[in-house]
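Got a structure for you, questions after.
Lettered A, B, C, D, E and F in written order, each chain numbered from 1.
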Amino acid sequence: MTNFSRPSGRAPDALRPVTIERHYTRHAEGSVLVSFGDTRVLCTASVEEKVPGFLRGKGEGWITAEYGMLPRATATRTQREAARGGQGGRTMEIQRLIGRSLRACVDRNLLGDRTITLDCDVLQADGGTRTAAITGAYVAMVDAVAGLKARKLISKDPIFGAIAAVSVGVYRGVPVLDLDYPEDSACDTDMNVVMNEGGGFIELQGTAEGHAFRRDELDALLALAEKGMVELFAKQREALAR
Amino acid sequence: MTNFSRPSGRAPDALRPVTIERHYTRHAEGSVLVSFGDTRVLCTASVEEKVPGFLRGKGEGWITAEYGMLPRATATRTQREAARGGQGGRTMEIQRLIGRSLRACVDRNLLGDRTITLDCDVLQADGGTRTAAITGAYVAMVDAVAGLKARKLISKDPIFGAIAAVSVGVYRGVPVLDLDYPEDSACDTDMNVVMNEGGGFIELQGTAEGHAFRRDELDALLALAEKGMVELFAKQREALAR
Amino acid sequence: MTNFSRPSGRAPDALRPVTIERHYTRHAEGSVLVSFGDTRVLCTASVEEKVPGFLRGKGEGWITAEYGMLPRATATRTQREAARGGQGGRTMEIQRLIGRSLRACVDRNLLGDRTITLDCDVLQADGGTRTAAITGAYVAMVDAVAGLKARKLISKDPIFGAIAAVSVGVYRGVPVLDLDYPEDSACDTDMNVVMNEGGGFIELQGTAEGHAFRRDELDALLALAEKGMVELFAKQREALAR
Amino acid sequence: MTNFSRPSGRAPDALRPVTIERHYTRHAEGSVLVSFGDTRVLCTASVEEKVPGFLRGKGEGWITAEYGMLPRATATRTQREAARGGQGGRTMEIQRLIGRSLRACVDRNLLGDRTITLDCDVLQADGGTRTAAITGAYVAMVDAVAGLKARKLISKDPIFGAIAAVSVGVYRGVPVLDLDYPEDSACDTDMNVVMNEGGGFIELQGTAEGHAFRRDELDALLALAEKGMVELFAKQREALAR
Amino acid sequence: MTNFSRPSGRAPDALRPVTIERHYTRHAEGSVLVSFGDTRVLCTASVEEKVPGFLRGKGEGWITAEYGMLPRATATRTQREAARGGQGGRTMEIQRLIGRSLRACVDRNLLGDRTITLDCDVLQADGGTRTAAITGAYVAMVDAVAGLKARKLISKDPIFGAIAAVSVGVYRGVPVLDLDYPEDSACDTDMNVVMNEGGGFIELQGTAEGHAFRRDELDALLALAEKGMVELFAKQREALAR
Amino acid sequence: MTNFSRPSGRAPDALRPVTIERHYTRHAEGSVLVSFGDTRVLCTASVEEKVPGFLRGKGEGWITAEYGMLPRATATRTQREAARGGQGGRTMEIQRLIGRSLRACVDRNLLGDRTITLDCDVLQADGGTRTAAITGAYVAMVDAVAGLKARKLISKDPIFGAIAAVSVGVYRGVPVLDLDYPEDSACDTDMNVVMNEGGGFIELQGTAEGHAFRRDELDALLALAEKGMVELFAKQREALAR
């Protein structure tokens, strides 16, 4: 392991530089540009005074997410999903993950009959777009909810705790934190971890692309994720304090 | 916990009765009806002498999966995806999981320029359709590959190890194995675990619906999954020995 | 004609073995696995307390059907219609035929504001899937209606008479009953006949693939169909008596 | 039956006025406006030097049909299928019928590696659009094939015999020929009959909307259809002689 | 320019022969076959007692248009949009233009809660289909509105002024009026002009295919369009007077 | 007119502040963030070594464009086109306009067998998104072509002249330059003008929403557009010089 080095030169337990820029666009109730290194995702939170059919009349709100990738966010051009006639499996999988993750820190009864839609659009991709999206969307959602409180549309804060996400993986035999694209495409095992501030797991999605991972590897990966989370929650707090 | 009981009366670490019936239909190269209790999934393996575009000319085979649910596999009728005009997000998520899981035990170079498609169609649903599908599809794939060997189309077995899957979750505060529908819809945390015979993890997908799960709960869930796996691999071996 | 023989060795006027298994799956109000030889179709009847828009407020019920074929019901894999983005012409033609046929024995005023959907999914195909589907769907519908009566949701039976269907065709110059796939793909003339117990015709769909059929051939085919019907109605009665 | 009268005042065995106008539009290899009373269908035959995938390399041609209805061909506006995102079941059923019918009089080996597409677009509908379409499309196809012969692209005529179609039905208890819309929507039994000049049946599609039809009714309907055919074949010959 | 000649032999400022035939089909509230030379478009106006969602409850009517091209309206067969699964960009662009143009001469408050849909279907194409469609659709709309007045459903005429359209372009360096297909496909600059009877511009859509057009060319083209308009408005008045 | 003022306080002939930021994202061959006031559009140019089918084997390149709007670029959330299943009419109209405009300054023979796709995605909308897109996409295309020259893939510059676009309209009776959203939604006449550096018109799309525009108004609008163009070409040159 003496010779081990990550393509980016980062230490195995180092995140990429993370920035969270609020009020990035003007119309949305929450609008955040989040960067995990070269991965840049625009996360907007839109509040609408309606709920999907299955919640109608229950006095409960809804949190949902949609995910998109600009055609040239990637190294080679990806066909536009609108032009292809629909969202693909990867997109659906990711937006369902974002929606479930964010719902895990909201008391939807306190939200009332309204929906918050988190649109996460990748402007530039370099690995980890879904974890950056969750981390940024949380901040956009906090801003949107703050607006509801400021306008006295809700009295009690429906958000409890914070949510962030990071990827971990085994790259050339070494567990590493926050994979960028060169690592992601070459690594054997890849895990996306969504946690809350209290150290609880919200989502855990591990995939062994190359070789199955053993229990001790899993433990090492989870420890790395926990370390990264502390930094991500700090970044979110800083951004929200500005 | 003295008063704890599962809707089915099972012990927390008990699987439902599992049956694996080979040669269930006649045309497919592998055809398995797998039951996890009342969940019944027909898994067929189809061999085709072609590969998707991105593998053309590489001498590598492909393993892919498709998932479907008959409209009345469920308690109330679900609209047919073909009639709705396309596969939904849940279907895509599941069939991508099945495909990735099965690819994890196949040396695709040994398979040659051919594709094995695993069609997993749920005839009756009672929770755990994706884990039953993976467990059954493995057996169908083994039969399909055996056919290729018998016809001398391949010389060396491309399948290494076995793959099975089971769900675990925290139901009323107690970690339980192999959730049925009443448990699945009421539980706080739900995890699908795909493993190989060597005890390695292939996929891990945990979701906290109600409350975030702590590290000790995760450990308990993984221990349950490992116990269930031993039984599932035995069922697969028995079926293949018949 | 001394040398004439059918691929299956059956007499020209012989049906394949027909079995009708009720309560095949657990959730549907009616659930029947029907086999015409190697053709196996799962027919479920689902009762819903709603009617399509064009019947709203008229106090009339609706009977409709959907048809599907599992991808590997056939000798070579057929692409899944949900993955292709919609139902094809053949599927639509068949499900419209099943729906019209079943409506022909129901007084929809007695059914009230509810819809019975007959889902006919082919698990294994060997010719005659649509006639098997109609014959089985009738039994599933009777079970569903019996459930409505048992729950006192309707007082008078809306079903009058029975409906069954069989194919007939001219194979190598000889009129034969109940074509299997080898016959179906080689025959000159193919006719699907739907009748009621009173000997009335509900649907007649004859197609001359190879050579146009003469009036005397038509008469011979109709006589064969009538013979087959007697046996099919007996099979339905037996199944319903069990 | 003394009091019986058809809405149009026609005798039970009378066709509506039938006109067949060739060269109706300029670009198509065959272009026919056919009228059965107020039903007007534009049938064009387009010759293309290609065949569908399943016939490639077999030296066999193909005949296919597409059917459409202008939005305001009907009494109330029908939504445009292109705007709805696809062809409905009725359209698919009809265009498959037209294609099969026309293929029944063509030796596709003599046609060579080319496809004739028959586009049948209903400008005005008053019942019987599919039978008018078949009757007119035959004439358009003859013109297209004549063009191929004139240009010496084929030497032997691939068309043998003529094809026409007419509807028959039981209206207020009386078998009648060539139903118009008021009859069609009120009649109990409706049958579309496609025949060739030699008196052979090509397609027979009978549907009992109201009451099942008996064998003697079937015989009466077929006799009416045969009578109508004689007149339709005469109309086609006249048109082609002009 | 002494040697300049148009493929049709027309003078640069000459329209093709224009005919406007009312009551071309029977069901629509307005039905016009308009011809600009060999371009023939069937324009129907359908009145429906409903408005789109965004106008509900506002007491305002709506005018909208749909455009289609029969598959063999063109020199080579164009695939049917319904079969391709949706309307293409060109179709959408044209039908939006027709709708906007016609709305420009209607006081939608006087129309009341109803929608007039103008379906413009090209039976034969030879350039200028959209300008012919607008010119004909206006006449169809006038007939539909006259019907509403005759049935006393509206009291005051919501139509003010007339609307017509024509194309102009620079062909081989010379500004010409009303381009036919050979000119359209070879010309450098092409402009569609929609005007009202008062000489006001409703829509102006100029495109430089080959070389950018200068201001003096624009002036020459607009002068030609104005000349053509005078003749088109006269044709509309004549047709409406018959 | 003494009292006339624009919502933004701008003079009638004043553009909004225009900025053109190159190299905004990293992967694309050209990547420009263009702002016309609060309207912000990300324009990327992607070079691919292939051409569409209709150009295959002709040695000619292709320039095409796609347009999209992030769901929350607008004041209220717009449904994602990928989720709705396809691009709408407005999107198609705009992307066709961008493609045609850019093709007008490229000698496609010099480009060789390659395609440049201009993806214009609106991050924030405040009127004039299509004109900003054209103005920015030109710069992205220049960068992409410069890259081809630097890599010696082409020897002669295929781009001749520059292309820019601006909107003009009549707002409260006064011709104004570069409409923002409040003006755009309230104005009577709206025209998008695409020009080249030589003062030639490439596209002219004028629409009279409220009242038809007279010839003198058209002249005033074109004069305003010409003035705006001078400034836009200067902005492009400045950006390209940095």
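Basically, a residue touches a chain if its C-beta (ideal position, glycine included) is under 8 Å from a C-beta of that chain, and two chains touch if they have at least 3 such contacts.
Since we're looking at a predicted model, the values are computed, not measured.
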| item | value |
| --- | --- |
| Chains touching both chain B and chain E | none |
| Label of the chain whose CA centroid is most distant from the centroid of chain B | E |
| Interface residue identity across copies chain B, chain C - same or different by half | same |
| Mean-CA-position distance for chain D and chain B (Å) | 51 |
| For chain A paired with chain F, centre-to-centre distance based on mean C-alpha positions, whole Å | 33 |
| Separation of chain A from chain D, taking each centre as the mean of its C-alpha atoms, in whole Å | 59 |
| Centre distance in Å when chain E and chain F are each reduced to the mean of their C-alpha atoms | 27 |
| Set of chain E residues in contact with two or more other chains | 85-87 |
| Complete ring sequence of chains beginning with chain A, oriented so that chain F follows | A, F, E, D, C, B |
| Chain D - residues contacting chain C, complex | 86-90, 92-93, 95-96, 100, 104, 191, 195-196, 198-209, 211-215, 218, 222 |
| Chain F-touching residues of chain A, taken from the complex the two chains share | 25-28, 31, 38, 40, 42, 44, 46, 48, 66, 68, 70-77, 80-87, 91, 117, 119, 121, 123-125 |
